[in-house]
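Data first, discussion second: the structure below is written as structure tokens.
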């Protein structure tokens, strides 16, 4: 369905080697929900944007992206031209700024249908009303004529969802779709996403720093740290037995309603950046080797891989 | 929306009132009176007297102000001291020439600036972008009168391609003749305008390009062109209208220079003659006229925002 | 412009430095309006371009009676206003009454004051219209008008060089509103050589030949009187062939360029203006109230040299108030020549070994500025340190009005008649210097009352001698009017006071290839 | 009574909007005891920040009574109550160094001795887990978590009795946030600080606070000990918030249905403001605003159906 | 906002260098040129540039180079002092409007609107026509009409910063109004004000030159670039150097200040800087 191989993204002003996304490789099956978690700045959004072909023009990107049978080359706008909006729907974090304030929302959603399916203005509107209804944007007839500022945040995010799915894409990319929303609204959007995956038989790539969201939606999880995927696992495995120390800290840091908080983050030690593990400088179990040597991706089971010298030995439940 | 327009209208009225007060104040701060100014002009003593009468010098200031304003509302702006004719008539004779000059250069400058500005923003960092930046910087630094003189020297005198004087060739008038006369002054004015606008347009478009909704539109599969016309341009319209409206006083200033360099028969040249001759009623009326024109243009620009932007239009 | 089709004769394009303000002959306050008006109006009397003696125009002839107290004028026959109404003595009488009317806002009344009853009319006339009668003015018949003066005044005829108004159009207008009447902008109906076709404000005045002009239809059918405020722009237009004439004010620096141009001719004529350096004698304590000092300063300049160097010969050195155009002018007359040792001696005699003086000059007139600078140099040689202050008009005027100067470089105009009363009679409003000499006053009064040219000439020369010896000012030169004209223009006879003096005779010769 | 640091009764507050008045807090009563941590939770726009600002003296209340210590509040800030804001980059003047920022309170209050000031700054920085090397840094040279610590140090140097924490960790990474929460807890113990902690994340307050107040559209709908409220919510709104919270455990998936949209805050619904979204609403809820009912000691819910 | 290192540095260095050079030329004019700008030489008028008069002579034989240098004094003085006035008035009024808000704000803003609708040059012409022109008057009038832009800017900045939490946080510590204004608000508005001020200077210089060109500025014989251009206009064909050098100096001066302003703008405009960082 989607295969990403050796994706590298860099800015000339980034880290030492300029890369902020390093050698990201993963794939996504039909109807699968894959989540990406990681701290802020770990490269989640960039990865998603690279897949959507929406990286800013001044970014250097390398690697291979295969979508279905198509090859999408980073930097080649034409590769994506007929993919985006039609076969690949994308939802962003901030619904408030993702809508053009000057156009009625119905018309902005209708754009997709007019461009990709060639519907007329009228037909598009009728179709949009249907989509709005199915996403619970009511009263749909009224809503299509309204402007973004007349809608609440949750409504706007639903409109964005409507625009992303109205061509029945086979892949939906959602970059922190609920971060800007209230819990109750977030719950609704998550419910919708789940429904879309089921009903439209689409795959979903969901990005979030909220492990709760990931836990609720994803089948498989990729954990990113400093531009690298440090761990990859089915969702159950990951939450039960996190292998990478980074994942462990992450999980332990989540404030939970049912468990006391636990954290053991150590401050970054400056000057410890090296060839080694990207988490080494903060890792509680750091050893000399971690700083010197890149651990490499260790495949542990068909669904599972981790990048840590000591992961296999470590106690996941510590 | 109507409420907003009305509120804005009320503000405009306040500004207009302020303009009259300011003008009145300036007029009254003039020391002495014009009779003493320039004996060589052989000013008509009755005209001067009549002007002094118009100021109702014997009455207290507020009363003078009220009667002055009410006279103006009736269309009586007084007589020129030199022409001894109603100032309004004299303005009407010259306004068309000035409007022709300013409006055409304004449109030219704005149109080119919008095209170049958008292009430069989209191709940020490209050769054209840098070229536009350089031209804008040079254009803004170029004194209009010098550019005008250079133009006359080169195109009228050395090459004899273009007429450098006036607006028409007497006896050989026609559309083409008019255009030939307009080329240089319009260009001088437009260069400054272009330099000024293009920065704003470029900045505005760059700002919009960074907005999430542009990325979202790309994500929906819109082409560059569709995004430009459906999403970027309408959003850029607000800042462009703003800068255009705010630049109107600048346009008048430019006309002042261009008209004098090219002997253009408009308000700008006349106001200089009148200023040198201390023709107070003329100076004041022209000041007030232009100020009011600007205030009204600003008002229209604000109404235009409301048409463009639903957030203002559909305010609860 | 110049390549007109054969059938249409060539037009004429004349440059003007400003927009005319008014075309009514009674309200011409500025030079440009006055010049433009001569195209559209015909004066009652004109003057000879050479001698400035009165010559007939609308008044075809006149007779003087009773010791120059009564004039009987006869109008030219068959003169019609452009609307077909004949011009009659009534029009002239109306015009004279309008000038004398209490509500008249123009400047011409001083010219009328010599007519018997004019003063009374101005004082006592009731009603807002120029009706009623002035005692000294009698309409004898349609073509004859009799004017009686209250005292003999020799220059009177030269005062009648203005044009009459059409009484049938304007008689029903209040005199106070005369200036605002559309006539001021259309000059219609007219009796002049040209009629107004179109006036684009600040742009040009287009006039078309009057087919019924009483001296014959002008040869050039259209004249465009173009407003170009920048002299340099005028020249560029002239060189580009878009102008045919820059009248009067061609810059000295440009004469050389223009003279070498194949298409252009330089033509000049003397004018009734002169430049001078005035001295602030109003202050009693000033050294300049000492005649010796003034005399010393009067002996500094080589006036012939000034004319040669500064005016490139386009002018006349001047030693006194009488100008070469005046019949009373004396070519031989000199009182002060350049004589630095004598000047130095006088200065020492006056008890001033050295002096510091300020000379104010109105910036903009290059020749006058340069004259001032030369004066400064010369003065330095006798120990007088002159500070030359070039001032813009406003600042200049302020300094002048407040007497904040020792010396001032100025220009002034003279009348067509050699009568020196206006500037030099102690009671004249025009005596801005405050010059006072009883002998001179007496002579000037005599001169105005005298009848024949010979004796008047004698009287004015005597007056001039006295004035110059008092050394109230330093006469510099009288500049000529320098016109740049298209080479082909024929019969253009410049007149010291009227550019379009014989405009009806101007023409373009047929070119051979036409 | 005397141990209350702050006590508010029937507080109203809001913002001027043209000629009208936007009500953000309506009839809230609360009190905070010394050393106690009280949580304020609710959806966006429910008035949490507004209430926080009223308590800190940044915003005058329109009605009701507010006592600080035993004195009525003047509507101006007093040093005893400090506030830490959500967006640490906006809450620190970008032109001042950390040292200057932290010592500002002392400077304002006339502490002349430079040495003493420096000492106090050092103490405050240490207390929030920063070192001396930060003194000369500017806000933009630090991470969000570090900035938030500086903001806390700035508050601590005033030796406040109470600190209002407005979403102190919502802008931070989980790991950083967790550390900060830990530290907040430590400080409470160490200095006997009282907190009012504003958050929309129920899980966050659970770790720091002992009492919780749930706000909905300007009103408090439920309050009580954290354990009680979370274990046995008395208001359907609280129940809904707990329900909607996505648990970080894939085995505990929820179906996420039926939450309804928050109503327009400009036109609040009649009666119980929550009734349009309430799964158990009855006719009465539409008409009559409910009063508090006691569910267990100290645990009150403003619901007709509670208790 | 805080300055962004490196961005706009090229413009800044270039602009400031030229400005510094011009200032040096103006200050050391008497040392640099041996010619007195007022001394006329009737034998040498309109001499084209040579070794003695490197910019030629004018219509009175005065040395154009020294007149241009002395003219720089006027231009720079007017530009800088008028800007100082504009910025002071603008900051005070804008600061008061932004900080006090309410009725004061509305009054000040309406007043600003009124001044803003008058075309500046026209208004200045009028004022100069009424009161006779002199250096101080030109400075006063240009400065006195140039402040509305600054006032609006300062007001906007102050209002934006008042909203910022750090103002609230300073209030919590008990900071006085003065402290908030001078420690927290104005320093943070400094960047935009500096940019505006830098762009005010060329505008003032241009206006002064325009006044001179119309004959309503500082009066001859004091040399200003504007009144030199006015004179030169009559000798366009004869003396190319006459209009060229003053024109060029106006151009260079305005250009230098614009460049400096551009550099500062890049440094202080976070958005532009962000873009730059992304690219660099």
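When the chains are written out, they are named A, B, C, D and E in that same order, and each has its own residue count from 1.
The rule is simple: contacts are C-beta pairs under 8 Å (C-beta built on N, C-alpha and C of every residue); 3 or more make two chains touch, one makes a residue touch a chain.
Being a predicted model, the structure only gives us computed values, none of them experimental.
Separation of subunit C from subunit D in touch steps, taking the shortest path, is 2. Between subunit B and subunit C, the least number of touch steps comes to 1. Here C-E and A-B were compared by C-beta pairs in contact; the pair with more is A-B.
At the far end from subunit D, in terms of centres built from Cα atoms, lies C. Computed centre separation for the pair subunit A/subunit B is 52 angstrom, with centres defined by C-alpha atoms. Chain centres here are Cα means. That of subunit B falls 21 Å from that of subunit E. Distance from the subunit A centre to the subunit C centre is 93 Å, each centre being the mean of its Cα atoms. We define each chain's centre as the mean of its Cα atoms; on that basis subunit A and subunit D are separated by 31 Å.
Multi-chain contact residues of subunit E, defined as those touching 2 or more other chains: 215, 233, 236-237, 279. Residue positions 230, 236 of subunit C each touch two or more of the other chains. The multi-chain contact residues of subunit A, meaning those touching 2 or more other chains, do not exist; every residue touches at most one other chain.
Residue ranges of subunit B in contact with subunit E, taken from their complex: 11, 14-15, 18-19, 22, 26, 29-31, 124-125, 137-138, 140-143, 145-146, 149-150, 152-153, 157, 206-207, 210, 249-250, 252-253, 256-257, 260-261, 271-272, 275-276, 278, 283-284, 286-287, 290-292, 294-295, 298. Against subunit B, the residues of subunit E that register as touching in their complex are 110-111, 113-123, 125-127, 129-131, 202, 206, 209-210, 213-216, 229, 232-233, 236-237, 240, 243, 247, 250-252, 254-255, 258-259, 262, 271, 275, 279.
Taken in their complex, subunit E has these residues touching subunit C: 40, 42, 45-46, 59-60, 132-133, 215, 219-221, 233-238. Remark: subunit C residues 1, 11, 13, 18-19, 21-22, 27, 29-30, 105-107, 176, 179-180, 200-204, 206, 222, 224, 226-230, 233, 236-237, 239-240, 242, 393, 397, 401 touch subunit B in the complex. The residues of subunit B lying in touch with subunit A in their complex are 211-213, 215-224, 226, 230-231, 234-235, 308-311, 314.
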